[in-house]
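Several structures are given next for inspection.
One chain, chain A, appears in both complexes that follow, with chain B as partner in the first and chain C in the second.
What follows is the complex of A and B.
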């Protein structure tokens, strides 16, 4: 069986294990209401994870997603507060535009200014967070978190009659689009090529800088999209909105099978990872453990998964070499 | 089979910082032939290939591709002209499938989406045309090295009138995999593909090549047709001496000193097997063999940098463990081939580099470094080895290759050294400084240090060794313990020709 399929089965098993543990210890866990709740919790992380999946497959990293989401939300809050006559779809488009511009800025710093992804997006994280503070709505100089009263906008936090939230539907759509993009288009193949062996991709005539630019742009787009649902749910744009969100996103992508070395993983895997992280959070709260445990466990999960992937890679490589070894033994006999 | 000339390079000149590397080399490859290119290390083979592939600009000369004069200024120019190199390290995308790799950059699309049906058909047609079958959907990293090479070959066959350059393609293959590759090469030749085959291995040339160009010191020595092939003659052409005169013969001898380092049955699976030898105090034991024969790996394993799968190493009767730190304490030192990457810390000063492996001697129980002792150690090393310039604070990266190597040697000499393992002692070092390095090694041996030298430079190997082992395909193939030997003897052994049974090969 192929390495990828085995990795997929492993992440599904992890998810199933988690569901089994929580559903056996809590009768409430699999109640429809709770299921829709953790699906909603997975969705904002999951939408961001779609974009970050592309970035990590190119062997990059995007640390700015939480801050960029906050910036997009703050810009929307400004529109809704100061210009209540602007139609809601235009406000949403503004958010997505800000997201894309932020993503392209990341791509520009990485591909044109040649900064390492890690430093570049750590710096833009600061810039985006700072801009969020700059645009925060103030009264006599002090930041006031204005509650959004626009009903049409708040409707984004709603659900369809069955109980499924709109944000979850957006998440599912993004997963389908992202997976098709990755597996069925040239851009997708080139994304893998760029991350897996950049030199060779360059020599095959692939504009790898363009591919990285695209991945960051897509990640920004996802931030803009996610911020709409996040803002509608929280009902107010705070300067701390989305703090640490990039951490959840990276954890989800890593659990889903993307490798930091690039060239591995896909959007469906990251979706499983996002579900895993939200169920873990949901379960931890059910045990009445504080959010501090939640953050610690996330950190531990990232380390375990990265370690696991390293061991797993080595196992596959040694299995491959053992076939060569047999051949060498055969030769020894022949001599 | 057509006799169309695919590539002709004429009068190619190239020099690097004043040193002439190619002095008017000619090369001609026809379609449907396997053309071997041979020569010792430094003969100019790889420079020639890099010029053909557009990696280096040539100083002088002309290249024709299929009768048309070609300007090749980059790898992509070369690719467009149908030239492809299959390197020892493969350049595939490991996580993509066979099909995606073969058609990378040439995908078929329909309505913006990849048309995998058409692409699979194209790949299958290509495989059928050249009789090379693989599962197009398999991910490349799951293939064996030989299968990956097949993918690279298929990738280079997507152009018209392809010319494939293979640089030591069997170096990382097992015997059965090599045979499969030869089979593929023969099939490609029958289909009219031109192949330039670079190798050190005479038996491969005998098996495969239709013609053979021999280079020596950047000049053409001869173009040999298959019918005129004679391994002994070709070795002489490569070395450049017709008859081994007594001046070229070097005496080998078993030293009187006691056995110090004893290696028994050392094995690292897939790399080398059952390597056993003794090294005596006061001798310089040379290890010869072709690149990829496992020499470097044996050194690294003895040093503890790689793990052995089996075998035992003892030093003066004491068993040696498998950790670098432990072995350094016991008196081992390693001078690696990749000096810049592994030998020294480039931006650090001479003083810090010499002290680097010796902080156990330079610091007190609390780990505080005695900087006076550090300076003295550095000054001693600089004066003993005549490092130039003799400025302790100079970053090592700014020194010449020879002086860099002196610093690398110096850091081991400052300790109570018992075994020094040297991999390519003078790679990239000016001729004038080489002798100084040899004398340093000889001085160490005279003091009772066991020196083991791996070298691809035959002249050097004979100059510096008191005894020579020749490795071949991960095993010790021959030992030269006594009597007089020549470069030819070593090269013949490395190529698998046992001179003691010369008649077998006539």
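What follows is the complex of A and C.
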């Protein structure tokens, strides 16, 4: 069996184990309402994770997603507050446009100005956050967050009759599109190639800069999309919206099996990661524990989850190593 | 003082109850002495002394009721986290929710949702932009005024002052500042040199203060929107040897600030008994649960203001050790 399939099976089993533990200890955990609630909680992080998965597979990182989401949301809030006559679809398109522009700016700084991803996106994080503050709605000079009253826009926080939230549907669609893009198209293959070995990808004629640009652009698009649902849910754009969200996203992606060194992981993995994180948070709330323990338990469970990954990574490496040694001794190598 | 306030509020609630009265609403009447009740307490940041003191107060009061459990949640200063926690508490059918809303606008929808589900929500200090059961708050606008007047009196109504602001958008910060600035208008010879956000944080306020002192040669008064920032400002002033030339004021009244005042490192703060505030919120919750009033029909949130003490070296002995937090 391929290494990746084993990996996928193990992570799904761990997720199932987590669900089993929570559903045994809390009668309420598997109630439909709660299931839809944790799916909803996973969705915004999950949508962002689709874009960030591409970035991390190219061996990059995107620290600006939280701030870019906030910026998109703030621009939308401005439209909804000052120009209430602009139709909602136009407002949403603006958000996505801002997202894509922000993502492309990241890509530009990384590929044209040749800055390392970490520094580039840390810097743009500050820029996006600053712009968010600049565009914050003020009353007599002081920032005053406004509650959005546009019903048509707030409908984005709604759900279909079965109880599944729109944001979760958007998340599922993004996962399917992202996975197909990654596995079935040339762009996907090039994305892996860029992350696995940039030099050989360059030598094979792949425009790795273009691929990175695309990955950042996609990440920006996801920010724009996620911000629509996030804003509809919070009902107000705040300056601090999405602070620290980038780390939740990166955590979901890495728990889902992407490696910072690039070339590994996929969108479905990141989806499992996002689900894992939200189920964990949601499940812990059901215990009558102090909030200190919430964080500690969360930390321990994440380590356990990723430990499995580390252990069988090592197992596969040692297998490779031993077959290499056999080869050196002149024995035939099976694989 | 505080007791009177509570009584007044209860009366006010009852009056509102008359109008909204006995209508069939979502909230069921519960018996706080017999029924098994679950109360959730979402705190903006559990590591902060204010939230912590409330928690002690609430838990202390809850000890008397074996049928009531209180579960605390750390909002991590994030509106999204608090919204998720609100949804979870509503879904789990908690009986009541105490909430320190990180952002008044962003939490409004969740608070409304809870009230519509028949769960009374009582906010602490940080309001939510929708009518709900009650807000139990420290004085803010008035506190700002008190500080402005105290500074003006000490410097003889003439001089330069600076403000270290709260995180942009926080309702408490906005009100403190508005009170401070409004009161300053009565002193035309006092100039407000500058204001910058210290984001509620000691380290950040330290930076801002250092920046102020390099920019301005003469600063007579500093007003910080909380004590943590006042401590930072004081450290900065001390480090530059300019502590003696200025009045440094905070607000809240945490134990460390009172110590700073004792040592002469801070001039004063507006002290609130946060243990009592937590207890008040809890008692009010029991009242809300047991009454027939339907808060979901309120048009305005009833407010309980905790009685403040202007804490300076002269008044510190009014605040004994056991109510310092």
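Assume the second predicted complex is superposed on the first by the 298 of 335 C-alpha atoms of A that agree within 3 Å, B and C clash if a C-alpha of one lies under 4 Å from a C-alpha of the other, contacts with A are read in each partner's own complex, and residues count from 1 in each chain.
The rule we apply is simple: a contact is a pair of C-beta atoms (placed from the backbone, for glycine too) under 8 Å apart; a residue touches a chain by one contact, two chains touch by 3 or more.
Because the structure is a prediction, the values reported are computed rather than measured.
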{"item": "Partner chain(s) touched by A:206 [first = chain B, second = chain C, both, neither]", "value": "first"}
{"item": "Touched partner set for A:111, first chain B, second chain C, both or neither", "value": "neither"}
{"item": "Which superposed partner A:136 touches (first chain B, second chain C, both, neither)", "value": "second"}
{"item": "Which of chain B and chain C A:11 touches, first, second, both or neither", "value": "neither"}
{"item": "Which of chain B and chain C A:290 touches, first, second, both or neither", "value": "second"}
{"item": "Which of chain B and chain C A:282 touches, first, second, both or neither", "value": "second"}
{"item": "First (chain B), second (chain C), both or neither touched by A:179", "value": "neither"}
{"item": "Set intersection of chain A contacts, chain C complex versus chain B complex", "value": "none"}
{"item": "Footprint of chain B on chain A - complex, ascending", "value": "2-4, 180, 184-186, 188-189, 192-193, 195-197, 199-201, 203-206, 263-264, 316, 320-321, 323-325, 327-328, 330-332, 334"}
{"item": "Chain A residues touching chain C - in the complex, by the definition given at the top", "value": "28, 31, 33-34, 37, 40-41, 44, 133, 136, 142-147, 154, 157, 230, 233-236, 238-245, 281-282, 285-286, 288, 290-292, 294-295"}
{"item": "Partner chain A, residues of chain B touching it in the complex", "value": "75-76, 79, 91-96, 100, 104-105, 107, 109, 112-114, 116, 138-139, 141-142, 144-145, 174-177, 269-270, 273, 473-474"}
{"item": "Touching residues (chain side chain C, partner chain A) in the complex", "value": "43, 46, 69, 71-74, 76-80, 83-85, 87-88, 91-92, 102-106, 108-109, 129-130, 167-169, 174, 177-178"}
